[in-house]
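Structures follow.
Consider the two complexes below, in which chain A is the common component and chain B and chain C are the respective partners.
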Partner chain A sequence: MDFYLGLAQIIGVHTILGLSAYVVMLTGQLSLAQAGFFAIGAYVAGMLTVLAGFHIVPAMLVGAVLAGLMAFIVGFPALRVKGLMLVIATLAFGEFVRLFFFNFDYQISKGGITVGPLGGEGFRQIRFFPENGWTSLDVMLFVWAVVIIVMAALWWMDRSRAGAVLRAVGEDELAAQSAGINLTVVKVAAMTAGGFIAGLGGGIYAHYTTHIEHLNFGVILATFAIAYPILGGLSNVFGTLVAVIFIQGVLVEGLRFMGDWRNLLFGALIVLAMNVRPRGLFDERATALLKGLFTGRGHART
Partner chain B sequence: MEDFLFDLIDLVQSIADGLLFGTTYAMIGIGFTLIFGVMDKLNMSYAAAAIAGAYSSIAILAVVPAPAPVAFFIAAIAAGLFGYVIYLLCFRFIPLASPLATLMATVGMLLLIDEIIVHETDGMPQPYPALFDDVMVEFGPFGLRGDLMFVFAVSVVSMAVLLYLIYRTRLGIATRAVSQQPVAAQLCGIGLERTNAMTFVITGVLGGIAGAMIGAAVGVLSPLLSIPFTVKGLIVTVIGGLGSIPGAIIAGLLVGAFENTFQFLRGVTERDMYVMLLLFVFLFLRPGGIFSPPDGRD
Partner chain C sequence: MLALDGLSKHFGGVRAVDGLDLEVRQGEIFGLIGPNGSGKSTTVNLICGVFPVTTGEIRFEGRNITRAPPHVCLAAGIARTFQNIRLFGHLSVWQNLWVAQNAMADRKASGFLNRWFGGSARARQEVEALLEFAGVAAKADDLAGNLSFGEQRRLELARALAAKPSLLLLDEPAAGMNVEEVGQLRERLAKLRDDGMTILLVEHVMELVMGVTDRIAVLNFGQKIAEGTPEEIQNDPLVREAYLGAPQSAGGGNA
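For the complex of A and B:
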């Protein structure tokens, strides 16, 4: 049972991570820094609960706000220039954050033991959940409560004017600009929101694994983050959730018997999927088809 | 005063070593920039393919023993082949209208190449042959490492050959025509796909030489090299100006010198952070890079 609860926690956290990349991707941008924002959220929230004795919720919020702020600072110069510049700037920033935590020591003595991040050794003993008597089930429910809040917020945003503006920029920048949309403001806002959401995810991640280190937040995690919305498609938030369940539940857990070869498969699968379905596994047509099946109309609209 | 002088000598020495090694960054940067120029797309797996080329030469040398120059040659050929394979898998069949899909495919390719290397070598660093690594040319208090000078010489010659190819041959004219106006180039009878494929092969060969030179200068190849070289190659392209070859050369030398200076001042674990800060300084102050392309051309 604990195995499935753990899996549900992983899927939940990765869904938050995927959604953080989803927001940025709605504007047609690709951010490889989501792992970096995730790391900022994880370290800040972990330090606040362990070193400063915060409750997890305010700690996560502070971590997320800081991550959002960093996203704003990174996104602003990169997005002023050109689309592809953001990919480079965010890749560099993600590695920068990882190297920063690789070199980051801040330990204090607490109750006879030293706690806090210690460079390459990582940050051990983030024990908020066990200290406060949360069971695996409580943690799982907490993770999914956050997932549902984030998903609902994004779902609502998608239905509102803000969503239409984001998608307009993503579809055709020139047309959006002609309609009086300030491209930089929209993209930077999406980037900031993405950073905030990734920070939230990082905050939870730090607490359920209880041990984080810089290697957890490398390019592979950043690739996972963008792979979810790309595979799931950008038609709605559920595509990302389905992609996370598929990758984490089926590929990562289901293919354990393949050992080493599983890692090879991930890269190969992305290459294959992009050739076969460049607009994502669940693109507009597939979603319309599914909708048709469930509402009994039988035929897709497009 | 004496100590200060010693530090200064070490600092100048670091900068000199960095400049010599910087030519490898310049080559990787040129590869990124050329592909960006003709296709308007990033090939994220380029540096990984370059390292993979160097790995292939080790694999072949393990079967057929040969001297180091042969290894470098094999690395170049293998990486050229990888370039073509990447073109086929990540660019050829993905519609032009889905830039994100191409980008994502190359990121997948980067992970795939990395994992194949880890799988084949069990993640262990592999020794790589070098030339002139026992030579040391002394200038008063300074010394230039023979292997680094060899790396520098090979890189400069390869870049010169590449510049000749681009600016003086029909193939180069076709490449530049496609990079300026694909439609007009097609109307003039230039095969778009053939030119694109050739660009991938040529940049692949250049990358293979860069990968071999990285192996020769560092002494080992490890899977830990590909991400840093990807990041630094991309930083070089941004600092030099996306699409600019002279910019990539100058930025490569700049990044090499900058990195070695900070390795001397702050240690090896922190040096890459400062290279990334340099990128952000450029993004703020000169976002178009040293040689920014003229306005109005996307």
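For the complex of A and C:
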């Protein structure tokens, strides 16, 4: 049972991470900085609960706000470049954050033991959950409550004019600009929202693993973050959720018996999915089809 | 209303637009014609701030907008369409108009939250009126990319109007249209002018240009070679030469 609770926690946190990349991707930008924002959220929230005795909710919010602030600052210079250049620029930022935490020491003595981040050793003993008597089930429910809040907020945003504007920028920047949309404002706003969401995810992650280190937040995690919305498609937030369940539940855990061959299959499946479904598993057609199925209204219009 | 003063754009050694003076007056349809590569589309892109101006000045309603980026030009009251249609193909028809409601008046009328996350009844009514205008009301929820060519052209025009501009720049709106569609477009433009719109029309289809414009300027190699009423332009020897070639080498053409 604990295995499945743990898996549900991983899926939940990765869904939040994937959604943080989803928001940015709506504007047509590919950001490999999400793991960096995730790391900021993780370290800040962890330090607040461990060193300052915060409750996890305010700690997560502060971590998310700081991650969002960092995304806002990074957004201005990074979004002056596009496509591959943006990928490189955001990748560099993600690595910068990782290396910062690789060198970051801040330890204090608490109740006879020293706690806090210790460079390459990592940040151990983030024990808010066990200290407060949360069971695995409690933690899992907490994770999914956050997932549901984030998904509901994004679902609502998607349906608002703001969502349409983000997508318009993602479709055609020149047309969007000519229709009066300020590209910088929209892109930086999306980046900031993405940073905030990634920070939330990082805050939870730090607490359920109880031990974080810089290696947790490398390029692999950044790649996962963008792989989810790419595989799931950008039609709506559920595509990302399905992609996370598929990748984490089926590919990473389900195929564990295959050993290292798993990674090969993982790569091959991504390539296959992008060829067969270039707009993601849940493209407009699939979404309309499902909607028709559930509402019982004949065929899809798209 | 719109004044271009010695406007130039050089791409490396190519003088796409070279010292162009132009004045578009309030309430008229001004035609901008010329052979391929004469600098018409470049001029539109300069006015809208897509390309930086090399030298010269652009003034709109007394305001200098030479260096203004596209979204600032739009807020000032200049909307445009594109030579090759540029709709948001994966957004619905409705959303295409919704995202374009960026007039200064609309920005001031509603608060931040309402503007981005709400949606006033007035904004909805305006979108519906534009859907009617473009004749795509029945397809409001379809993806814009799935519309027919003619519908896409009309929707793009409606999207430009969604920003309540005072000046409309149309870059070859009749390209690819059949005779009947050109006739409809002509009526639509005439109606817009009657409602007080000023239009700068870049076009190759002479039937439309000659039928609907009040004044015309002719470009060749980035320079203005003639300006006047449609009749004057049709009888201008320089214009005939630009379109048909010099008299001794003239071998046909249908300008």
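Worth a mention:
Please note the rule applied: the second predicted complex is superposed on the first by the 295 of 302 C-alpha atoms of A that agree within 3 Å, B and C clash if a C-alpha of one lies under 4 Å from a C-alpha of the other, contacts with A are read in each partner's own complex, and residues count from 1 in each chain.
The criterion applied here is as follows: a contact is a pair of C-beta atoms (placed from the backbone, for glycine too) under 8 Å apart; a residue touches a chain by one contact, two chains touch by 3 or more.
Because the structure is a prediction, the values reported are computed rather than measured.
In the superposition on chain A, A:181 contacts chain C only, with no contact to chain B. Of the two partner chains placed by the overlay, only chain C lies in contact with A:162; chain B stays clear of it. Touched residues of chain A, counted separately for chain B and chain C, are more numerous for B. Contact with chain C, but none with chain B, is seen for A:171 once the two complexes are overlaid on the shared chain.
In the overlay built on the shared chain, the residue A:109 is in contact with neither chain B nor chain C.
Residue contacts after overlaying the shared chain place A:30 against chain B, while chain C stays out of touching range.
Listing the residues of chain B that touch chain A in their complex gives 36, 41-42, 44, 89-90, 93-95, 98-105, 107-116, 118-119, 227-228, 230-231, 234-235, 237-238, 242, 269-270, 272-273, 276-277, 279-280, 283-284, 287-288.
Looking at the complex, you find that chain A touches chain B at residues 25, 28, 30, 32, 74, 77-78, 80-85, 87-89, 91-93, 95-96, 99-100, 102-103, 218-220, 223, 226-227, 230, 260-261, 263-264, 266-271, 274-275, 278-279. Considering their complex, residues 156-157, 160-162, 164-165, 167-168, 171-172, 174-183, 284, 301-302 of chain A touch chain C. For chain C in complex with chain A, the touching residues are 48, 50, 69-71, 74-75, 79-80, 82, 86-91, 95-96, 98-100, 102-103, 115-119, 141-143, 146, 159-160, 162-163.
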